[in-house]
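Below is one structure, written out as structure tokens, with a few remarks after it.
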Amino acid sequence: MLKYIIRRIIAMIPVVIGITFLVFMIMQLAPGDPVQMILGDNASPEAVEAMRDEMGLNDNVLVQYGRYLVNLVQGDMGTSYVNKRPVADEVFSRVPATFKLAAVAAVVSIVIAIPLGILAAIKQNTLFDHSSMVVSLIGISMPAFWLALMLMLLFSLKLGWLPAQGAKDGWKSYVLPSIAIGFMQMAAIARTTRSSMLETIRQDYIRTARSKGITEREVIFHHSFRNALIPTVTIVGVQLGGLLGGAVLTETVFAWPGLGRLVVQAVNGRDVPVVLGCIVVLSVGFSIVNLVVDLLYGFIDPRVRSMYQ
Amino acid sequence: MSKPLLEVQNLVKYFPTKKGKLHAVDDVSFTIDRGRTLGVVGESGCGKSTTGRVILRLIEPTSGSIIFDGTDVRGLSADGLRKMRTRMQIIFQDPFSSLNPRMTVSQAIEEPIRLHGIITDKREREHRVLELMETVGLAPRLYNTYPHELDGGRRQRIGIARALAVNPEFIVCDEPVSALDVSIQAQILNLMEDLQEQLGLTYMFITHDLSVVHHFSDDIAVMYLGRLLEKAPSDQLFQNPAHPYTEALLSAIPIPSLHNRRQRILMKGEITSPVNPPKACRFANRCPKATDRCFNEEPELREIGPGHMTACFLYE
Amino acid sequence: MSRENTKSNTENVLEISNLCVEYRTRDSVVKAVNGLDLTLKKGQALGVVGETGAGKTTTGLAVLGLIPNPPGVVTEGKIVLDGQDVLTKDARYLRGIRGKQVSMIFQDPMTSLNPVLPVNEQIAEVIRTHNKQLKPKEALEAAGDMLELVGIPRDRGGEYPHQFSGGMKQRVVIAIALACHPDVLIADEPTTALDVTIQAQVLEMMKELKKQYGTSMIMITHDLGIVADICDEVSVVYAGRVVEHGTLEDIFDHTLHPYTEGLFNSLPNMADRTQRLKPIKGLMPDPSNLPEGCAFCPRCNYAKDICARKKPGRLWSNDTHYVECHLYNEKNINSGEVLKGE
Amino acid sequence: GGKTSSAPESAGTTAAGGSESVAPAAGGESARDTLRVALTSEPPNLSTCDHDSLISVGMNMLTFNGLVRIDNASLKPELDLASDYKVENDVDWIFTLKQGVKFHNGDDFTAADVVATLEYAKSLPATTTYTSNMKSIEAVDDFTVKITTNEPYAGLLYDLGYHFNWILPKGLIESGNDFNENPIGTGPYKLVEWVSGDHLTFEAFDDYFDAERKAKIKNLEFTIIPEGVTRALALETGEVDFVWETNGADAASLLNNPDVKVEQVDSVDNVILFLNNDVAPFDDVNLRRAIACAINRQDIIDGALSGYGVVNYSAIAQGLWGSTTKDQLEYNVDKAKEYLAAWGGDPASVNLSILVTNETRVAVATIIQSNLAELGINVKVESMDTATYFEKWSSGDYTGLIASWSPSNALTYVQRYVTDRRVQYAGSYNNPEMNKLILDAQSTLDDDARMEKIENIVSIVNQDSPQISLFQSVWLRAHDAKLQGVVLSGTGYTDYNMMYWAE
Amino acid sequence: MSKDKEYAEALSGPKNSLAYDTWRRLISNKAAVFGMAFMIFLILLAIFADFLFDYQTEVIAQNIPDRLIHPCLKYPFGTDEFGRNLLARVVHGSRMSLAVSFSSVAMSLAGGGFLGAISGYYGGKVDNLIMRITDILLAIPMTLFAIVIVAALGANTRNLAFALAASSVPIFARVVRGAVITVRDVEFVEAARAIGATNRTIICSHIIPNCLSPIIVQVTLRIASAIYNTAALSFLGMGVQAPAPEWGGLLAGGRTYIRDYSYLSIIPGIAIMLTVLALNLLGDGLRDALDPRLK
């Protein structure tokens, strides 16, 4: 098991290299000149040129990339073009906010979605089933940033119950942003849970279980549930990626001091090191989430577990 | 019959897997004479299908030679192989998955004719398709239907018509009836028998149903874990099985009659893994007659009577 | 009918009479079982033979009250088990008898076990369900005993189904079915998915167990060889009805129904391999669109006009053997001679 | 004359000036010792020299002082760290420094700090515009500094009031202190912490040298809220006390809220349609004039700015000392058509693509688009990020763009028309005559004479119409109605240290 | 002779096609029918938008006097800050939203489909390489990836479509590969090879038609997600350029006015939501209708 985890972590290295390379090259296509941005419109052309030299921007792109990679290995993500602070500081100071929000949203949406999906499956074709599935359908169709605006409009402006921005008011601050980014995931997870539950209930081994004379509750919780969790866990992994992506927009709306906002700001300011830093951290975070999901499979499904050994 | 139609020598197919080399077919040799049927029996996973597929080069063999009517099949180019496949054909076990669900009956039968340019005129080709349908007993009204609308027996008939479409001489039948009900199974077996007679076909008939293979084949080869354990004319094998495995296998068939029932020989255990098998008789661990030697040496296939070969130390 | 009732009812552990089951799907109503009668005597094995789609599994499920609803509905009939008509009972009662009085071995061992639970837990579950006072550990202990009984070392009990071969899985399924020593065991094609040598092992084991516990058994199969091997009586089912019933000897040596005859003729003769097979022509009728008269009529070589119009009644040839076919009447039934032509 | 004046003559909105004695201490209310301000974006940098950002200058004003400062109300230079100055033989400026001034780190402020700072600023490439006119800086004694300009230069006080030249402690410059992390100056506030992406907090500096301008609210907290609506909401729900930039769309509802006060001030921020004078057909003055006359500035203000703007037709922002409306081209469609005819080209052949960087400017450009459609000129609006925008501008790869210029004084403003400044403003004004006029104006030390010269320059530019002025924005700042002492400047700044809480 | 007649009859017999069966199953699903009807409506709306509202005079021309009028009879959706009829803009916006999403999905389907097909059919090293590349692409949250591309290439409609396409290429590659692999190992492909079919025939007439259902389903879902992401990018100012109406852009433009003129963002938001909803319903419906198990 441990060996498997280590192998998976090692396998993440080429992915990270690939990501940095890709994003680095894409950012090279961008027309803006960071030096111009830094020095502003009062700088002389010589000053600009001198600065370009100093920052190594006149080197071959691959040399620049190589340098970036070497530094990255040493934990140095470079220096922000815009505020000249170390990118690592900048990025990691934002990590907790984003990951805390994502975690709250994920936990809440999972905690709501799974029982909802199960109940809907058990009560298939009842009013409860239909209404919860309609809500889920709306959930997967609603743009997160729009939902964010609507929530803000209602709960902050009209009702004044919850703060409209920032992360300073304890749990209250988390309510709206986590609903905004978690609602869609919740809906998707609930739908998957329901359909995988219905799928497992049709299986032969459920018939075997029933033929033992056990109660329907035991059939559901002892036999169906764990099997139904397998596809659910997959979707949870996928959705968490969406959650991190959704944070990019939602954080802007709610003035959440996280990575999402930093990356938008950095992209606009052509602050390549910061963009790279953010994407590396978000992607590694996402990869780790997926690793955890894969390990969860092993926990749920002995067939997968035996593959690790 | 001076020269056999098909000659297989030391055929080997290993599949690379994560755990090691899977010995699907291990050093198998046999011949089939023109117009005759070789039955191949054995338990699930013993390499029957793989043998059939390797002969048509649907899977590349690891080593060994396959001579079909004097031509080395392994030496054929891609194009030569395509031509060769008008002479050799295969019918698959599962009539559900071996037909493209998105092709009508006529399209499926027409495809090989079209691909090999056997008949170029469209009208004539349609006519030929209908003829073939009649040959295998499919009503013309099924011309435009899709496989999913048909039952297993009819689907298997489509598979047969498709194989016949290129006028082959040799057909590998990979368990063509094991998915069918007895009544339907009998219909198909009769059909195949009739076709053999009319068209002078040569069959390699793969099955795990011993009563069927007995009825259908002239010679029978018994396989176990990739190895050929015994080969004999059909009646000979049933009356005088040589290898302990064949004996046990025969005794295991439930006989649908209240008379002349056989005493069952029960084998312990189940088939071992075909991945990296030890150098020993593959049947040794289940064999009631195994000696120490069986666990340390591999027996060679040797002739013990006219056309009767077996690989067992009991017959040295 | 009257003759049946004169038999000593006390011996019968399971009596199914006039069972009708329909599957109501969106496009059609599938009449899977149409007035089927079965009687299982104590300690005996009843073979139920028939082609795919004849309604064999459906009947088995009906006894346990496990027909999936929707789309399945039992429209008529009685299933008397231990003196009680299970069709009139509520879910609680049914749960009480499942696994305890009647249990079922399902067709496909590969999918019949829960892949995420260790096998001994799956066996222990049925034991504990019917012996509530047992502690989990004791139940697991008992499950280990069951495993040994079916020939699996008890220390493999903690493993998961995917670690077992097909034959072993089927043994586990049998262990589950037998764990509470049920009065009636319904075995639904327990060996079709297995290789012959493994099949032989499993059948041998089932015979042993039957002898040991005196379990009454319904053996659902389409293999007449298996029937000859372990059954005492046979019911031949066609399109959801029993068309012929009798002891082994009645059926194998005094075949009456043309369908049963066709089944035998379809099997290759082991004694003479050159003998040509005589298959039944045509296909099973579409269960959503059954013919009006005898369901076998379109495939029958002896069919007469009346066959297409009228369902044949039941005719007893001796105390144990009956047939439903227009070829017979009170006169010729005992001789076994067929009314041809006419 | 703008040499010395201690207090501006009540230019702001509220009673400002000497009220400080009333405000902070009196009540001793501990409840309100904090002012929470919502910013639109994070200040890129807290040092004086490494940025040219409005938001960062706002932060610099908290922690630093210059020898002079530009007064927020009058926009004229006033003495700050200097207590007096005089000009000798047109190029030598002698500054007398205030005594007893302390830096946040306890160091005393002396002439050495001034010399070190200005030398340091001169050494940086980005600051040339504001430092290159100083030839030398000498400490005459501990509290006297002599600055010599290259030639007579009227803009020196403005340059010294610019953040590049604000005073840093000599010791820290020499020890290589990072003024971004650790902005130590003489200013009314000290930085407490900067949580990137979230907030900055400042604390009043107790030893501030100017009792009148000493901070009255102990703690200052800046939060970053990019969304305009969110900012306004945060103010209304009491999550912040002061919104640094309010959207016009939100102002209407904020105005109805009695707990909130919306401050408006006409800015000197002139928003212009910048045309590339180097490429045809925009090198033709008549076409430019036609465009200038065709744009309905009032529509822009109503449509894009919710009415919060001031129409401007002149090359230079109104309200600056030296600005004039002489010879400006006003909105007049008939005139526009005449100019178009004078140009003589086919309007459909004009390919004008306007580069913009934000929502508001998209809206502005959209209105221009529909105005020019009436002349038959097709306009494309291209929205892009600032980096690309600057790149295209400086490389001359554009036809039109919307920019805004907000210098603190008219002289700096017109200096943009000097030919060698065209490097940064590729495609801007082509008039070699102008260089001489500007040089002449900047070396005229007499205020009245200089003003006349500047007005002359502006009127020439107005006729040539190289770029088309659209409007001056109105700064909208909203705050808790209890907050007093708010003085807004047309340059966009405000003095947080002058604010205090009413009872 | 009678045989010939029988043959002729067979040839002229009706073709009950699979497509028809699928269609029948699809239209028996109410939700899917709603989804389909809505999409057809929307596509018609997009095609005939010019007949309903003139682009020059009603969609982009400004009418400042009528700015910010709440929904009323004259303007059922109200007017925006430039006095433009929001209804006209929403109607024309469907055109842009659909064009961007359809073209991006078409591009990513072509790219991802090609990669996936190669990867699935040939397997081995090629497969490994392509899958590692998709791993990399999939590790970057999709919206973020699109943002980076648009930022690099510049914001315009073409780049937007390209960015969305690029970010969903790995998804299509995965789906197509999965479909190809399941189909590749199915016996009928081997059967085709056995009758002498060339690789091309096998891919074109056996593998592709049978891979289609998961791909069709994915296409509908991807279009939904492209609409969503277009809106997201527009929201960040990286979307379709003004004054062209696009729903995300309308929503983004309206958010400034959300307090007093909330209809400006609610209406385009609902349009996006309904479309995404319709596509999801249609996708689910198709998934069920195309699934042979539910025959």
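Assorted remarks:
We call the chains A, B, C, D and E, going by the order they appear; numbering starts again at 1 in every chain.
The rule is short, and it goes like this: a residue touches a chain if its C-beta (ideal position, glycine included) is under 8 Å from a C-beta of that chain, and two chains touch if they have at least 3 such contacts.
Molecules present, by chain and UniProt name: A = Nickel import system permease protein NikB; B, C = Peptide/nickel transport system ATP-binding protein; E = Peptide/nickel transport system permease protein.
Not measured: the values here are computed from a predicted model.
Annotation of chain A and chain C: not jointly contacted by any chain, touch as defined at the top. Averaging Cα atoms per chain gives one point for each, and the point farthest from that of chain D is the centre of C. Across D-E and A-E, it is A-E that has more C-beta pairs touching. Separating the centre of chain C from that of chain D, both taken as means of CA atoms, is a distance of 93 Å.
Chain B and chain C, compared by their mean Cα positions, are separated by 32 Å. Computed from the mean C-alpha positions, the centre of chain A lies at a distance of 40 Å from the centre of chain D.
A separation of 48 Å divides the Cα centre of chain B from that of chain E. Across the assembly, chain D contributes 227, 229, 233, 385, 388 as residues in contact with two or more other chains.
Which chains touch which is summed up as A-C, A-D, A-E, B-C, B-E, D-E.
Here chain A touches chain D in the complex through residues 30-34, 36-48, 50-51, 82-85, 89-90, 93-94, 97, 149, 152, 156-157, 160, 163-167, 169, 252-255, 257-258, 261-262, 265, 267-270, going by the rule given at the top.
Residue ranges on chain B touching chain E, taken from their complex, read 53, 56, 58, 82-83, 85-86, 89-90, 92-94, 97-104, 111-112, 115-116, 126-127, 130, 140-141, 143-146, 148-149, 159, 162-163, 165-166.
In the complex of the two chains, the chain C residues touching chain A come out as 61, 64, 66, 91, 94-100, 103-104, 106, 108, 111-118, 122, 125-126, 129-130, 160, 162-163, 173, 176-177. By the touch rule above, chain B contacts chain C in their complex via residues 43-44, 151, 153, 181-187, 189-190, 193, 208, 210-212, 214-216, 234-235, 238, 248-249, 251-258, 260-261, 264, 266-267, 270-271. Looking at the complex, you find that chain E touches chain A at residues 132-133, 135-144, 147-149, 151-154, 224, 228, 231-232, 235-236, 248, 251, 255, 258-259, 262, 265-266, 269, 272-274, 276-277, 280-281.
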